[in-house]
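Have a look at these structures, which come just after this line.
Both complexes below contain subunit A, partnered by subunit B and then by subunit C.
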Partner chain A sequence: MKIVWIIGLGVWVLSAAPPASAQEVPGEPSGREIAVMVDEREDGDDQISEAVWTLTNSKGKTRKRDTLRYWKDYEGRDGLSSKSFVYFESPPDVKDTTFLNWSQEDAEADDDQWIYLPALRKVRRIASGDKENSFMGSDIIYDDMADREVEEDTHKLLRVEQNNGTKFYVLESVPIKENYIYSKKLRWINAENLTEPRIEFYDRKGRLLKIWTTEWTQIDGIWNWKRTVVENQLTGHKTELEFSNVRFNQGLKESIFTERSLRKGAP
Partner chain B sequence: MESIFHAIIRFRFLVIAAVLGVTLAAVMQLQYLRFESDAESMIPPNDPVLHYNDVVEERFGMLDLIIVGVLNDNPQENGVFNPRTLGIVKEFSEKIALLPGIKAVRDEDVTSVATMDNITGTSDGMAVDPFMEEPPRSAAALAALKDALFDNAMFVDWVVSRDGTGLLIMARMESSEGTLEGVARRSAIYKTIRDMIREKEAAAVPEQFHIAGRGAMEVTFSEDARSDMERFMPLVLVIVLGTLYLTYRSLRGVLLPFAVVIISVIWSMGLMAWVEVPMYFISTMMPVTLMAIGVAYGIHILSRYYDEILSQAEPDANAAVMAAMREMWKPVVFTALTTAAGFLSFLTAAMVPIRYYGVFTSVGVLAAMVVSLTFFPAVLSLLSPRAGRGLRRQMKRGGDLAATGWAARTLSSLGRGVARRPLLVWSISVGSMLICLVGLQRLYVDSSWIDVFHQQSPIRIGDEVLREKFQGTLPIYVAIEGHEPDLLKDPDLLRKLDRLQAEVEQDPIVGGSLSIAEFIKRMNRVMNEDRKEMEVIPDSRDLIAQYLLLYSFSGDPDDFDEVVDYDYQHANVSFFLRSDHSSDIERVIDRIQDFVVREFGAEENGADGQAGEHDPLTVQFGRWLAGITPTVIGWETKSGFWIGFAGQGYMSNRFSELVVSGQLTSLVTSLLAVFLLTTCMFRSVVAGLINIIPISAVMVFSFGLMGLLGIPLEVGKSMTASMVIGIGIDYTIHFLNKYQLKTKGGLVDSEQITVATMATSGKAIFFNAAVVIGGFLVFLTSNFKPNFYLGAMMALNMGACLLASMTLLPAILNTFKPRFVYGTRPSPAPPTRTDYVVSTLQEKETV
Partner chain C sequence: MRLHKVHLTADGSQRQVVLQFSQAPNAIHAFPLSTPTRLVIDVIGPVLSLPSAAYPAKDTLLRRVRVGTHPQHLRFVLDLKGEKLPAFSVEQQGSRVRAVLQTPDRPTPEVRAQILFESPEANSFAQPTPPPADSGSGSPRSAQQVTAAPAPPSPLAPSAPRTEAASAAPRSTPASRPSPARATPSARRPERETQPGLFETLRDRLDVTGYVKNETALRLYSPHQFSKSQNWLQAEIEFELTDWAELTILGRSMFDPVNHLETNIEDFHTSPIDRLEAGDSFQAELRELYLDVLYEDFDIRLGRQQIVWGESIGLRILDVINPQDFREFILNDFIDARIPLWSLRVDYTLSDWTFEGLWLPDFEASRPADQGSEFQFRNLPLPALPIQPPPPFPSVQVGSVRQPEDWRLGDSEVGFRVTRFLRNMDLSLNYLYAWGDFPVPFRRVLGPNTFRFEPRHERFHLIGGSFNYAFDVFVIRGEGGLRLGEHFVSGDPHDRDGVRQREFLSYVLGLDWTVNDNLMANVQFFQNVIFNAPGALVGESVENAVSLFLMSDFINETLYPQLLVLYGINFGDLLIRPQVRYDFSDYVSATIGADFFIGSRSGLFGQFAAPVRTHDRYWTGRNSRIFLEVKRSFAL
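Our next item is the complex of A and B:
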């Protein structure tokens, strides 16, 4: 009988041991430290890219769009984190549609958005307060695109994985805010270049909601998406993005990111 | 045959052991019996209408809804526009979104005023904002919320009632995928929501709450079915045991017939479990039905047994049993066969559960017959041959069976009346038939899903309230299928959809409709400074494409799934109905079909999409009899579109078509089967005809009466027809059999024969019918309306059968004196003592 007590006590002591020790995996940086490093990864001052969007629903039907995107980092100037300008090249019935987004530094604030519909010949301002809405009808939501502050989550290094001689950190990021759209994210982070080849998103009921896998490529010394696929595990909807002609630090002018340039189409 | 019964009596212990052994084996199987509560199991799995419905639901991602209504009609609180009511809606919406089995990732995936975004036009563009983040507190903010909701026609009657006293919360449930866990998950959703409501009600909030939708229906359905089963059994036990006691006032008279039915119920349910057939909703009627009809064989054997004992000075057990079996085996076998045939005629039904109900009830009936012919005499021969003390005393006093017991006395005088006044019987019969034939012309079919539930059932009240206040809970889908992608960006096509909606919405039962056209119109208005006159389909195809792109910037990839497919090839127009009566649905469908023919062109090649083409012959025949037009799935139009129909409303129509036409066929089949069986039994075609005349009269009477009273025919009532034939024929068989025996026994005077038959067989028939009527009356307590109607109709019809076989049948026999009864010359056999007594008694009276 005594031995049962001792084992029971041992189990209790072990399970009650504080998990939040300084080092989650001995000899490795903490989850938070890794998150900070990823956040600080060089991503250029501005960028031009072409992207082919392929959206596929669970029945295998697809929507395809070609876009040209200009992006500029504002790093908090004018209270903005970045500005982006998207030009639709195809399909033909939406050609020349342009979209402008001013992303606010303050995560709670609404982005400023404008759209130009060529068939309407009008620039219209879109005031949207919902960050949980889809980005261009894809499986990516506005919130996924926004710069998420390291402080908004608690980060924990779950383990270190080796794959083909490359070392990956597996990081668990749990939001601090209650009722956030995700209950947690699992992020696979390349220990050498801090790129994220795989992110798993879990919904509020704890179910795996979507898997986001990305192939990375280095252009002008900056790591960037080459191809990214987001698969919604609950709806079977899939978003594929192929990037080409990616150029960094082109010294993009402010005038590109204005209402006036929306009408003119691609600069 | 006699040698068999000698053998049974000789090896009685072996027979008893064998029957009990089989029963024990069946009891062991009962634990494996499974319940099936999916309402869809009632539609045949390969039915073209169901199949197309699945195609449409799959293509447009339609899922079953669970709907919660929160009502507050207090004008002091501004209806639902007060912080508390809005707070409850917000709380419920958020909690429901988090329930397992609800298809929701974000709060918005549950539809309500607390989760929805409002897209509005501004002077320089558009704004996408939640109607409310937190319930507004100030009067101004509450009024602004109300204005915002009522400004958008799409939300009125949908998330908010037109009078501002109700708000709806709608959530989509993931498919149960037919698994037990899936079904359990769905019922857990309903129960959790019900608990949330009960908690609020316990806190005495003034709001009223209602739950509706398919999920709620499913759970209520299986809960109610179980409570029915639990209530039926004790009730039917009391009725059967009580009637048996009143009949014989002896322990054996109660226990023996009762043992027969218990054994037969166990056998048939054990067999069901063994062959892995589940208990469907309808099979829950089986035990009660079997208990009510299975006692008949015991009653008739026992009745003859007692008659024998009473008429013998020194009765011998074995001799009395032998005498009873010698005379009764044939009517018992044939009445069981006809009853089984009546139930077996359910095999012509298209519905699998109805077929199984028919098959296993007839198994039970045949089991009751076998047990009555083996176990029953075996046990009876072990008991001392004694009748009840009261009966013996009466018999001694009068020396006459016809004067022994109140039932025999009453029935004998009825028999005398019928025999003396044939003209009266004939004129009443023919007259009422003629009136009922007129009623038969007025009979119409109308069924309803929700009316299956009892008026006081919360699900029915909830559904009615929500249907009245909001746009309606029953959907009909019109699928417009194109042959290439992007067709739905065509302004002309969108305008057609818009006109279709406007036209069909004129029908009073159509509460609302939804199509992609509405979204395009709304966006056009929003993008044109919110000008009301711009709420139209724009002329430019490209603009429509660009609006659709714009929508995708502010929603979810599957936002439009229910109205248009992913590459804009197929559209779905949903209509929401406030009534689910098949007659109402039919009118709406006619409206839709008229419009579609006019605007899209008629069918290209004949009856292309008629479900009726491939229906089983039994259904086609019944439909032809009832004059029902077959359900149309859709057709290929001249303009190159396939137009198809689906949705729960449509399924409901198809369902009643299948049941009613199937049941008409089984009516004809069972009538035919009964005719053939009785022809065999009496070795005369005339006998077969005479047997089915009273039963046909009862059919004309019961359905004609329904027509006269304006009561529509629905599923439960239509199922009674072949049951009445199968069970009701028993009375004419027993009567005819006895009547024939009496003539063979030497009686020639029709009045004497009638009275003697009434005093013996008539008495048994009377008690038999009493048990059956009492048993079916149990269904009046059912939670389900079809069961209630079925019980009422059966009770009424069995009463009519009893009356017809005791009045119309002797009138026919006495008037026409058919040869199969009276023979060509008088039989040489000497009269029995009973007959002699009866005839002498009558001679005395006539003097």
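Our next item is the complex of A and C:
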């Protein structure tokens, strides 16, 4: 464990090295400015979406999960960043399972999380301290789904790329917290609409861990995921999410994000 | 660029006016004017001529929205009431322009949304392409023209994704962001082109899921025979009657050619409605049938159902509303072992509080395993079961069990629970006024050498609560219940009726530990305490037990090894339950496992560990077993 920590620290020191010049790419905004702009990209006050999760292992065997998700922005109210509620529609073995997350505004604080398991008919609070846990056996971990503050990373604009006539910023985001799950992320950011079509995640040892590619679509003027693929480069496992029926600003009620909703299922 | 919609949301001191266009404008420019007070928004882009119009608003601040066409832009004028100009901000979000006005002078008592204008094209999810260069006549465009691909994002400078129009006025901060508009269904959902048929309606509203599975268990000790080979078919039908009402039916049938779990299938309460048994090997049961009525802040569940309270794993403390089927001791899942009851449950949510009320006019007793069956109780795990008569009385009569009347108001059970979600912690307070699930064997002396047992169910009050507290990778859990006036069997032969009432506390404290992505551990300590228990009471006045539960998953949640150990401290007896499940697919899984009973025959678990003299062909003792379960789920 100590060796791992030392190697991780080495990666950290290399990654956190200061940029060669104050202006990372002449004539372009700084990495931090871009990160702030991405963070402030309009995401609506609330959202309803359906998603099909397809999990594929290295041998090509697939499993599917259908989910319905409700999300509401709290913007710091009651100390919360957001609340989300996920209902599992299929397959039959997980049908009626629900998951509730209250995301804390304080980045250091653990989220409040509950799960309702129909096989037990019980709502159970679950510990959220270990954010490395996989969500539903996918290649997405709980930390990936949490709201990450700009201040939690240092951001550096590495370069500007052109792809099919579109300009992309390539941003390197290195966590300030030591021994964080990822040693860094490389993010490709569309300069026009600030969407992120590609993110590379590097593990504590600095190895490329997973690649996250996303097709975006604009709904009600808000950019949103249309299809996302997360490929684990170490295991060969892959997770695909296909979104549909995405609706913004529906005026979602507080009562959706409660213990009662967990037990009764989708609102 | 066509105007699709003008939408107003009023929320307290804020007003939000959203102008929705067919494509992103090139730029916007906003400025206030006074006398009369108004806000002007120029929307610059490829203008499609629009007749001048005014859209009145029913609002305490906004009088109306006017629109006029200019050569290079559309001009919107928001006419305001009063002489004081409110703070405002205007921003562009793709094809939308949002103006936010804020003033404390003209609040609205409630959140209200109004659509001031909406063009027919606005009901389409897809956004239209920019109009052709010669389509500036204002004539209606064809449907094909307005359902093209989404408009590209506006070519804004990378550093300024939003156009701030009124830099002098305070922009809407995140904390003061206006509430979302309550969009009407017609504004959000695409219209159906044709009415759905009956089959399509049924398919949309009907949800059928279920499984077939085989559970086979083999005894590890002599006689090495199968104790069960159950073949289950379970189906659950959910029918959405309306947007606010849903009917659920859950039925199951079982065929077991071995069936050593019961010797007398007639002893279970059967009726034409909910249970059917045929021969020694087949039974079918309507497990659950209930109607859900769902409102915004409260819901009602009426019908035959299971109601579950509590936090513990492996043993039931507050989970005592439904009686239990003990044919397989506590080895089958509680969801299969609970006996559903006809009942009414009402839930009401107020902020982070949930209030729950229960009414149960239906009564059923718990079902102990049959005499002579595999899991017949060898000693009595619960305090109020009948005991053998004391030695001075040679003649014993046993009367039939008296139990409460179904559907008699005075014999109903009621319960109440309040649950509160807090930061890192949940709390509940519980109250239940119910009947004991086992009859109390009251004794009556008929003569110097004769007495009679007259078993009957008795009431008790249960006052309890539960809590959990999460920190880092741990969750501390606890639940407890104090039963007032619980009945216990007295071992004193001179006792008047052989029964004494005492207060009885049962509680559990536990800890969940998420060790890593693949392993979750849980440890629990259980204790039962009979207060003021004289030595004459049958059974232990203080009973202690601990449990360990390990659950893990591997290969992206397809392989699930787990282990449950229950240890009775008083007698040093154990129940050890290792098992491994593998999901071959989303629909097919197999589980292999074992149930080991170890320790003193006086203990709850040890009673099934000791060899006993065979009374008949099934009761052989030493019930440890291995089992295999193969399950195929389905959804229609």
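The rule is simple: the second predicted complex is superposed on the first by the 247 of 267 C-alpha atoms of A that agree within 3 Å, B and C clash if a C-alpha of one lies under 4 Å from a C-alpha of the other, contacts with A are read in each partner's own complex, and residues count from 1 in each chain.
Just so we're on the same page, a residue touches a chain if its C-beta (ideal position, glycine included) is under 8 Å from a C-beta of that chain, and two chains touch if they have at least 3 such contacts.
Since the model is a prediction, treat every value here as computed from it, not as a measurement.
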item	value
Touching partner for A:125 - first (subunit B), second (subunit C), both, neither	both
Dominant toucher of subunit A (residue count), subunit B or subunit C	C
Contacts of A:165 with subunit B and subunit C, given as first, second, both or neither	neither
Which superposed partner A:193 touches (first subunit B, second subunit C, both, neither)	second
Partner chain in contact with A:181 - subunit B first, subunit C second, else both or neither	first
Touching partner for A:209 - first (subunit B), second (subunit C), both, neither	first
First, second, both or neither for A:97, with subunit B first and subunit C second	first
Partner chain(s) touched by A:237 [first = subunit B, second = subunit C, both, neither]	both
Partner chain(s) touched by A:27 [first = subunit B, second = subunit C, both, neither]	neither
Which of subunit B and subunit C A:59 touches, first, second, both or neither	first
Residues of subunit A at both interfaces, subunit B in one complex, subunit C in the other	55, 57, 61, 63, 91, 93, 113-114, 119-120, 122, 124-130, 132-134, 136-138, 237
Parts of subunit C lying in touch with subunit A, wherever the complex brings them together	20, 93-96, 111, 113, 125, 127, 150-151, 153, 155-156, 158-159, 161-162, 174-175, 177, 179-183, 188, 209-211, 292, 294, 296-297, 299, 306, 308, 310-311, 333-335, 347, 349, 351-352, 354, 419, 421, 423-424, 426, 468, 470-475, 512-514, 516-517, 553, 555-558, 583, 585-587, 589, 633-635
Residues on subunit A engaged by subunit C in the complex (per definition of touch)	28-29, 33-34, 37, 40-42, 44-46, 55, 57, 61, 63-64, 73, 75-77, 79, 90-93, 95, 110, 112-114, 119-122, 124-130, 132-134, 136-138, 141, 167, 169, 191-194, 217-223, 237, 247-255, 258-260, 263-264
Residues of subunit A touching subunit B in the complex	55, 57, 59, 61-63, 88, 91, 93-94, 97, 99, 113-115, 117-120, 122-130, 132-139, 179, 181, 203-205, 209, 232, 234-235, 237
Contact set on subunit B toward subunit A in their complex	58-59, 94, 97-98, 100, 103, 105-106, 108, 117, 122, 124-130, 486, 489, 527, 538, 540-543, 545-547, 549-550, 552-558, 565-567
